[in-house]
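These are the structures in question, set out in turn.
Look for chain A in each of the two complexes below; its partner is chain B in the first and chain C in the second.
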Partner chain A sequence: MKYFKSYFVIQLKRIKKLLPGIALMILALGVLLGTGAYAVIKDGSYMADQKRYTLGYVGEADNSLLRSGIFLLENEDSSRDMVELKQYDAEEDAKKALRKGDISAYILITDEFMGQIDSLSNGSKLQYYATSGQKGITSVMMDEIAAVAGNVIVYTEKGILSLDQVMEDKEFSDQERILQMTDFFNEYVKAIMARDSMVQIQTVGMSDGLSTPAYYFTTLTLFLLMMIPFCGIWIFLGERDAVARFMAAKGLGPTPQVLAEMLAFYLLNLFGLILVTALLALSESIFKYNLGELIKQEGLSVYMLPLIFLLPCLVFSTMGFFLLDAIQGVVNKVLVTFIIDIFMAYVSGFFYPRVFFPKAVQFGSNFLPSGAALTMLANKQMGARVFEPSFMLWAYSIIFILMTILVRKARVKY
Partner chain B sequence: MIQIKNIKKSYGKKQVLKNLTLEAEAGQIIGILGENGSGKSTLLSILAGLQRPDSGYFTIDGKDLLKNSKLRNELVAYVPQENPLIQELTAQDNLRMWYDKETLKKELDKGVLRMLGINQFLNTPVRYMSGGMKKRLTIACAMNSNPKLMLLDEPTAAVDLVCREDIYNYFEQFRSHGGTLIISTHEVQEIELCDQCYILKDGSLKEYKYDGDIPHLIGRL
Partner chain C sequence: MIKYLLLFKRLLKKKSYILMLMVVPLMVMFLNIIGSAPSGLMTIGVCFMGDGEVSQAIKADLEENPGNFHFVFYDDVSQVGSDVRDMVLDEGWIVPDAVDWDILNMKAGIFIREQGISHMLAKEVFLSRVYPYYSKAFMNRYAAEKGYTEDLSAHFDSINVNSDLFEMGYFDEKASDSELDSTSYLLLPLRGILSLHLMLCAIAASMYYIEDERNGLFIFWHTRFKALREFVYYFVILFIPCIMMLLGLKLGGVFTSLIPELAKLLVYVILLIGLAAFFRRIINDTKKQGLSLPVVIFGSAIFSPVFIEFKEAGNLRMVVPSFHYLYSIHDMHFFYTMCIYAAGALIISCILAEFYHTSS
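For the complex of A and B:
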């Protein structure tokens, strides 16, 4: 360990030389992601994004019952925030729209189904079509549709039949019974559909218990931290194997080499985080907003960010270091690392809430460094337990360090 | 006295070095010749401590250097074929890794660094240096611990004639102070510099007396 300090100082000097280019890249990335996040959060466009599924339905447009049902779904039901409905006369048109991606799924409402509703029976089922790639969305949609259809058909039917029975027992005339039952039916459907007015629905979170702005802010900051190692790619260029062999021959083995390099690299990543924090603080003062208020996290100050993201920064810098160091060739380094980062970010819900992915993917993403980082930050913001995800992040950091040392040992030998 | 005895090294089933033995006196220059892939770099890596042999001994003045890595790092300097310098930094920054401030000044004034002409490009970043400058700087970095043995892997490959001359002069200086050099080479000029030459073939060393007959040498490789 005689030369550890000198080698660490050398790494800091290298970073200092490369810093202007690295800082520019980090700033550009920060501005890009920050602008995107600000635009989404500030103008509330994410609210519109929530209505992201267009559901087609194929059925007779002149059927009054279907028309009133669709009207109620579009205007009264709580699913209206999430689902937009589009009517098709022919199934072929709906299929084409599904293939083009204009709609997420479509429901085939057959004459038989409408006839059974008219006759107050429910022996027929709605036919639901979605592409195979929408398994995650399908489950959400099916739940929603099943709930709506179930409420309308089953409970309405029971209520109306009970009323009919009571009126028959009380010896009302057929005309009077039909009149009362029609009024009752309309009121009943309206009441069931307007579930928003029956209960106070509060949005507790879009994903992982976080409000939408907080969720976007957390995931985009994590994504930025994942990308910062890229900005330091120059550190991993040149004849690194020759340097490693020379250092080892002088008595500085693979382990202290990797530790000194990683420590310097982590400091670079922290610098990136501080730079972005400074940028945020500057934008706060220029555009006169408060980050805590903006992302609906009371008491959050922009200056707390480096502390909050300290551990995720560690895991992403060790992971980035391992990948960029282990992979040979500039093009391979960039391509492989970028693909891995994007995959992990996507699966962990950085771009899109992970609640929309199949259960197995959701479960698996918890065990990725990116997923564990999101869980830890979400739990921290909600005041929940952070031990498990924090432990996982520490464990991943240590694993990445050990794997880098193993790779370095192999390189020094051959 | 440097003794290398019965060194064996295999990669899987392939035996690269078989009972390799070599002795050198202080002040000698030993040349190791051989085709590419004959095991020259493997031998130097073992002596530099980068790889462990399967068996064998390596001693300097009776001290076992395969078991004492700290001593080996002091007594053995290794100059690899590739450039092991930090590209972004200057010669001075690279040297500061190995020399403290005072020693660096002393060596630049009248020591090994002056002899290698490092003063001429002390503040030049490595990336702007010629091949000869880089090689001289690498030797300067390797020599910080006053070693007794210098291992050089093709030291003057891609180095211009003037720099070669400077480097050869330094080798002569080093040996005149009792240092020993083991050079892996393909260069005739370096072979002529050597007191003893060995050809590494089929995992064993065979002594070879070079008399300027290059076709004969090629036939032996």
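For the complex of A and C:
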């Protein structure tokens, strides 16, 4: 016991060297995330609780049908809440805007396409550019918007072409056909504009689970807790095996060694969590906001965060300790731990909502430390059962401690 | 040359290196399994009140062409509402039986939990799926009002208009033929994750270098060009992770074509080496290098399009190496900016390396 206390104190002294660095790291992260939050709030669209996709179009809408369509989309149609239009004279300007992020996508209105509209046929395709980089979720959403727009245009055309064919068969004059088609098109446009009357939306609210801002606040904090163990990687470098054998020879076996080190490591992670809380509390008083109101989670106080995240902090610090201790070589430690962490975080729904994933993955992620942590926190917020996820987290913590002890015993023996 | 090979051999000696090599292909394998299972940006429950021709046609269309959504069919309306509330579903659609006999005056019900852009999009998707039948009925009503007695439905059905009106293009035209278009959206972050992985490898290489320097590895390793020794040292450590990254991209179905991939990855690696060597001069301590890891991970994940495109950050994103790499995949403009960034980082780290060499 005496050796355990002394060894524990030594570990605390080692950890103490990291504290100023962790404080700086949390501050740097705070500045980073604060800058991001400022940029988002400055953008304005989040204040209105909806982000719009901005669609650029290149080329003159010489065609009256297209001009009418654009006018209606900009001013009348309900989709203006979802899509905003911006006109560009040259494709280079639209490209620059897409690269800068001023627009979500742009379409090229070519002379060929205008000709196709005039003759009410479409053999060519309208190209749109949704990203200048790798394809992502935004471009997937743009695909869906494109499919919706395409469907409406195509089946409207079919209706107009059908009537035109009948009029042609009845030998109506060109002028009569044009007048009739124009009137028919206008009626179609009115019907499309009024399409919202075909649906009645009912907001049912949530019986359990977190609001979207609270969800992402929780997952961001959990991801930070997963990353904090990297700060202590220095502890896992050097001649650890030799030190372990030396301590064992002096009477401090692998089990008390591991327990002392892990406890100190957990306190280091807890320090990080408390710093985050302090930073959030400070920002609350400076910027005059309430965290619970901001993330739409009533009753949440920033001072509750260390208690709320105590158990997830334990499981991530034991997991981080095990991985960084068991894996040899600094390159291997960093890369393997990172891949495991980010994979678990990804499939547990830290970056995309859990519902994006197949049902089996949503269910399976509850059995991962990251998924269990998220489920426990979500249930805790809404007053639902926390026993199963909490049990899972405790079980994982104990498993990681036992596995670390086993690895240490093997090293000491060898 | 032999010294560099020995450096390489030293890495292979550790059993954990095999584990490091395995994690990327294993992760990609799991992601492929996940990506192949039914999933969607939103899970939408659909309940059809009628079972007429139009209801069945819409249902078949949703089953065969779900797009990026996952549809689940219900018989009980109340179950749809409660499953939306209980977060089993993202949204619920109640299609009335009027869709079969009076589509022009039908009123469908949509259950949502909270307002947002995805629900607006899902509403539009619903309306666009009903629209073909609505359009036909609308056409027939208009024709009847104007005194046409002919049945236009046969004309409507026989007209073959290209339904794929819009086509997504890339700035890099060749990429339009890539396998990317058929890749599940769940695998889209793979390249971003692997680019972060490589970035961390560069930082880990810095820590390795600092350790070796402290242990006196370079005392008897004389070289005229310290910058070159540094560069090759980093390159030896990054070499195999680069191979694993290319393999991961290929297995994940996000690979474009060989020469462009190699070129962009090479420039990215040079950029990472330049920056890692530069920061090693500033932070010549393994403790502090380790402390920077979470900031690097967070900063890169937020400011480069790994999971989201954070366009509001504007030019701040240009500082992040992975931003240039990820955007360069389909846009040569960012390949050139990455080249300039890499050249700058390399020149500065070379100057610093020679400066420290001559002053010591």
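The definition used in the following text is that the second predicted complex is superposed on the first by the 229 of 414 C-alpha atoms of A that agree within 3 Å, B and C clash if a C-alpha of one lies under 4 Å from a C-alpha of the other, contacts with A are read in each partner's own complex, and residues count from 1 in each chain.
Just so we're on the same page, contacts are C-beta pairs under 8 Å (C-beta built on N, C-alpha and C of every residue); 3 or more make two chains touch, one makes a residue touch a chain.
All values derive from a computational prediction rather than experimental measurement.
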| item | value |
| --- | --- |
| First, second, both or neither for A:Tyr3, with chain B first and chain C second | first |
| First (chain B), second (chain C), both or neither touched by A:Lys17 | both |
| Which of chain B and chain C A:Asp241 touches, first, second, both or neither | first |
| Partner chain(s) touched by A:Lys250 [first = chain B, second = chain C, both, neither] | first |
| Partner chain(s) touched by A:Met227 [first = chain B, second = chain C, both, neither] | second |
| Residue contacts with chain A in the superposition, chain B compared against chain C | C |
| Partner chain in contact with A:Ser162 - chain B first, chain C second, else both or neither | second |
| First, second, both or neither for A:Ile327, with chain B first and chain C second | second |
| Contacts of A:Phe357 with chain B and chain C, given as first, second, both or neither | second |
| Chain A positions touched by chain B in one structure and by chain C in the second | 17-18 |
| Residues of chain A defined as touching chain C within the complex | 17-18, 21-22, 24-25, 28-29, 32-33, 35-36, 39-40, 42-43, 49-53, 79, 81-82, 95, 99-102, 107, 121-123, 125-159, 161-163, 165-166, 180, 184, 187-188, 191, 195, 197-209, 211-212, 223-224, 227-228, 230-234, 237, 327-336, 338-340, 342-343, 346-347, 351-352, 355-361 |
| Of all residues in chain B, those that touch chain A in their complex | 45, 48-51, 69-70, 73, 76, 78, 80, 82-89, 93-94, 96-98, 138, 141-142 |
| Chain B-touching residues of chain A, taken from the complex the two chains share | 3, 6-7, 9-10, 13-14, 17-18, 238-239, 241-243, 245-251, 412-413 |
